[in-house]
Amino acid sequence: MDAKRIYLDHAATTPAHPDVVKAMQPYFSDIYGNPSSIHSFGQEAKAALESAREKVVVLINARPDEIVFTSGGTESDNFALTGIVYANEKKGDHIITSKIEHHAVTECADFLAKRGFNVTYLPVDKYGMVDPMDVKKAITDKTVLVSIMHANNEIGTIEPLADIIKIVKEKGVFFHTDAVQTFGHLPIDVNKIKADLLSLSGHKFYGPKGVGALYIRKGTRIVPFLRGGAQESNRRASTENVPGIVGMGAACMIAQAEMATAALRETALRDKLIRGIMEKIPEVTLNGHPTARLPNNVNIAIKYVEGESILLNLDMMGIAASSGSACTSGSLDPSHVLLAIGVPHALAHGSLRMTLGRQTTVSDIDRTIEVLPPIVEKLRAMSPLKKGGK
Amino acid sequence: MAGPYSEKVMDHFMHPRNVGELPDANGIGQVGNPVCGDIMKMYIKVKDNIITDVKFQTFGCGAAIATSSMATELIKGKTLEEALKLTNKAVAEALDGLPKVKMHCSVLAEEAVQAAIDDYLKKTTGKGLPGFKPHEEPLEEHEH
Amino acid sequence: MDAKRIYLDHAATTPAHPDVVKAMQPYFSDIYGNPSSIHSFGQEAKAALESAREKVVVLINARPDEIVFTSGGTESDNFALTGIVYANEKKGDHIITSKIEHHAVTECADFLAKRGFNVTYLPVDKYGMVDPMDVKKAITDKTVLVSIMHANNEIGTIEPLADIIKIVKEKGVFFHTDAVQTFGHLPIDVNKIKADLLSLSGHKFYGPKGVGALYIRKGTRIVPFLRGGAQESNRRASTENVPGIVGMGAACMIAQAEMATAALRETALRDKLIRGIMEKIPEVTLNGHPTARLPNNVNIAIKYVEGESILLNLDMMGIAASSGSACTSGSLDPSHVLLAIGVPHALAHGSLRMTLGRQTTVSDIDRTIEVLPPIVEKLRAMSPLKKGGK
Amino acid sequence: MAGPYSEKVMDHFMHPRNVGELPDANGIGQVGNPVCGDIMKMYIKVKDNIITDVKFQTFGCGAAIATSSMATELIKGKTLEEALKLTNKAVAEALDGLPKVKMHCSVLAEEAVQAAIDDYLKKTTGKGLPGFKPHEEPLEEHEH
């Protein structure tokens, strides 16, 4: 309807890169074999699978046999948690994670807690940072896994992973990180930081939806999450999503080439947007860390107004944003992440996330800075919370 | 846009009727709280048992704003008895329906009307609306 | 290399129909929103999702809110079993299934058995049929779920579901069926047969790989398998694979239109292939039921020779077949299904599955009947098992 | 075709050397069983401590047939001592490698050679190969 719509919700999902879509095409109807099949149709598909695996490892300095393909970030997270916990039941029953993890981690941890395991949810500071010393204090001789995300999907805060893992590995405990928001966006070296498990999801870095992977350090015993056939070296059953996996492989190649430049470009746009909003709208605050922050993440608390009503107004103007994690829309609770960093309820409800991407332009940012203030003004005028609101 | 809301909801959300404060209101009710994310404040001016004017202020989602707006339209010019008969279902229906997860907003709108009438009755008769108790009490009070 | 390759492994996977691939295209880079997002990008994607859901239900006479999209048949099976069992722990701890289920059911049942649940594996007759009376006898007051597949993926036998379910429902027990091999191929009416849960997988009926669904009868309490966001009405977390789901929806439409004719056509080709092999090759037997059989399934035991060596020879001649379930290749054990119907080990190792499809022609069948006998003869000549083998 | 097997394996599989029975064999060994899905029968003709002729029959997968074939080539014309030095690794290497799950086939081939020599020694000296015991005993015996 409008001239050009502006998509500022790249943390929710990204469009697949045209080269990704192109790479997938042959694998739907031409090279369609089941990679487990011994015949040529199957072996062609298997070759494509293994080639994609080699593309994934480049981004994190892993080995191909350390990658298990999954259906997305959620499965990778669920797999990591349950797989390590079930494989180490004799060793212990304690998991440590944080209060700001994605629901794919917290809901799974809650489930394990219901089934007799013990879970510690570490607090974070006002920027959303986990304190490595808190991790140290929480580890007991029953701890089998620590899971801390690489960067938060709502407020963009990047966690001090290297410091945390150093402590965790000194205690001989497994470490998992949900890198769904950073894989393909920030450099990661699993051997340098010494992570044992790492989750990633294709659609967050311009790959297809419905495909992801779990990095599992060589030698790590893990109980499969999906059970059935012998695929993925007996670690993940189900016929492989060959086109999706090939697409994700292509997305890895593109990310590897573009990551550094994109991060610089998006950081500049991000800071321009933050500055613009701060200047134009009174009584707003930035949620998350000012600098240890995803290059594309803007999250602001806007006093006196509620998030969805801002979103709907922005949407009418052709701008797509989010008021928290897209996954939890439909829920009435304010974001658990914002509450964990101490944002009061009303402000948590009034928080707006804008996440930029490869296609975001300066003029998109300019337009957003122009469009948002009158929307906020209009909503504040009808807010009973605003003193002297009119 | 095939959004979560009907066209009518979007119309009332984008162009809410009767927004603002009512300086000469003789009944003011507020329901909801910041924890649930919706607060509705309803101002009514009652004369000879008739709601001659009404305004609202709402902090909340699209449905909260639209149901407030619709509720004001539905009670304006009505007697108190008629206004008290307004149900949340009637508000939702007048808006061509609401998503299931948003039905609580229409409940808030119904209660906001009742709270305003309760306040008017207290002020004028010293006794509130018999049995009135909104689902959730406001946590904080703001002057207007 | 050869002129035309012949694909006779449709039970392992099918090529996506060109219309399926076409239907998916807009959802990679154009309509790429996250269906959980409230903005127009998200709502467009959501509309596509719901439209696909309506296409799925047509094939089984269900309601849209009874369908949960998954990553494939394995996840659907795992979800059904664990979801029902965990939701009914207070009621009981006993599951009944059969000895010829797909590994996606048996491996999951084995896992539950390890975690304290009781599993009964019902035997089958020499055709692979479950006896409804055996189900009746096995049900105790602790039984919460009976899971029997609709048709077997290896030997093609179609189970007497209606009779089994009648007994199961009289006892007030939940019934799940793995319909991965029949959905889109045979008519199914969940309300007529009264199944509570039904698994299906896109790539088995000319839809894409990596997407499936679980039918869950309205009102059935189930614990989610993938935990995280609130997608799929809180029953399956993870960002939905929108293009895959749209593709599967398109495949449903095509299946609905073509199912009846295809089944007739494939049955004729199937019987021609069986007859041809029986006539041309001595000492072969048909595995599975002669008539209660998937329209496209041929499974024959060939004495004195081993399956993989037949497959490799067929493959060199451009014919793709399978020696059992593709999922279990890599394993050295002979098929559990063939052992369950009483096929001796050597014969189980020497079984050949050929599964036909929409593109299979009469001349494909003729060529197979021509190519197979000399291969068997050659292999028998080098077999130490063949008496007087030369 | 980028199959599971090397070109050399496929060559020996499609065109196995020394297939068949050897009517004048003076050593015959059989290893494997139908449960594991591989059976190898090896016939050798020994003259003056030299394997002058060798043939095999194999029921089994591609790797089983290829390793049998390669093993016959590697021992033909060799002394018994040389033939006994044949390791499964040597067979696999001569085939440019085998998939990990198929390495057991090369073990079978090594053992088939040993079984045939064991039989020859028993027949000629009354005493078999010292310490020879294949991993798996044949479950059934077929006449030839």
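In order of appearance the chains are A, B, C and D, and numbering begins at 1 in each one.
The rule is simple: a residue touches a chain if its C-beta (ideal position, glycine included) is under 8 Å from a C-beta of that chain, and two chains touch if they have at least 3 such contacts.
Everything numeric in this text was worked out from a predicted model, so none of it was measured.
The interface with the greater count of contacting C-beta pairs, when A-D is set against C-D, is C-D.
Subunit A and subunit C, compared by their mean Cα positions, are separated by 33 Å. Mean C-alpha positions place subunit B and subunit D at a centre distance of 89 Å.
Each chain gets one centre point, the mean of its Cα atoms, and the points for subunit A and subunit D are 55 Å apart. Here the spacing of subunit C and subunit D, counted between their Cα centres, is 39 Å. Multi-chain contact residues of subunit C (touching two or more other chains): 38, 40, 308, 312, 315, 330. Of all residues in subunit D, those touching 2 or more other chains are 1, 3, listed in ascending order.
Pairwise, the chains that make contact are A-B, A-C, A-D, B-C, C-D. Those residues of subunit C lying in contact with subunit D across their complex are 304-309, 312-313, 315-316, 330, 332, 334, 344-346, 349, 381-385, 387, 389-390. Listing the residues of subunit B that touch subunit A in their complex gives 1, 3, 5, 10, 13-14, 16, 19-21, 30, 34-41, 56-62, 64-65, 101, 104, 142-144.
Against subunit C, the residues of subunit B that register as touching in their complex are 1-4.
In the complex of the two chains, the subunit C residues touching subunit B come out as 38, 40, 43-44, 46-47. By the touch rule above, subunit A contacts subunit C in their complex via residues 5, 7, 9, 12-18, 20-21, 24-25, 28-30, 32-34, 36-42, 71-75, 77-78, 102-105, 107-108, 110-111, 201, 203, 208-211, 226-231, 237-244, 308, 311-312, 314-315, 318-323, 325-331.
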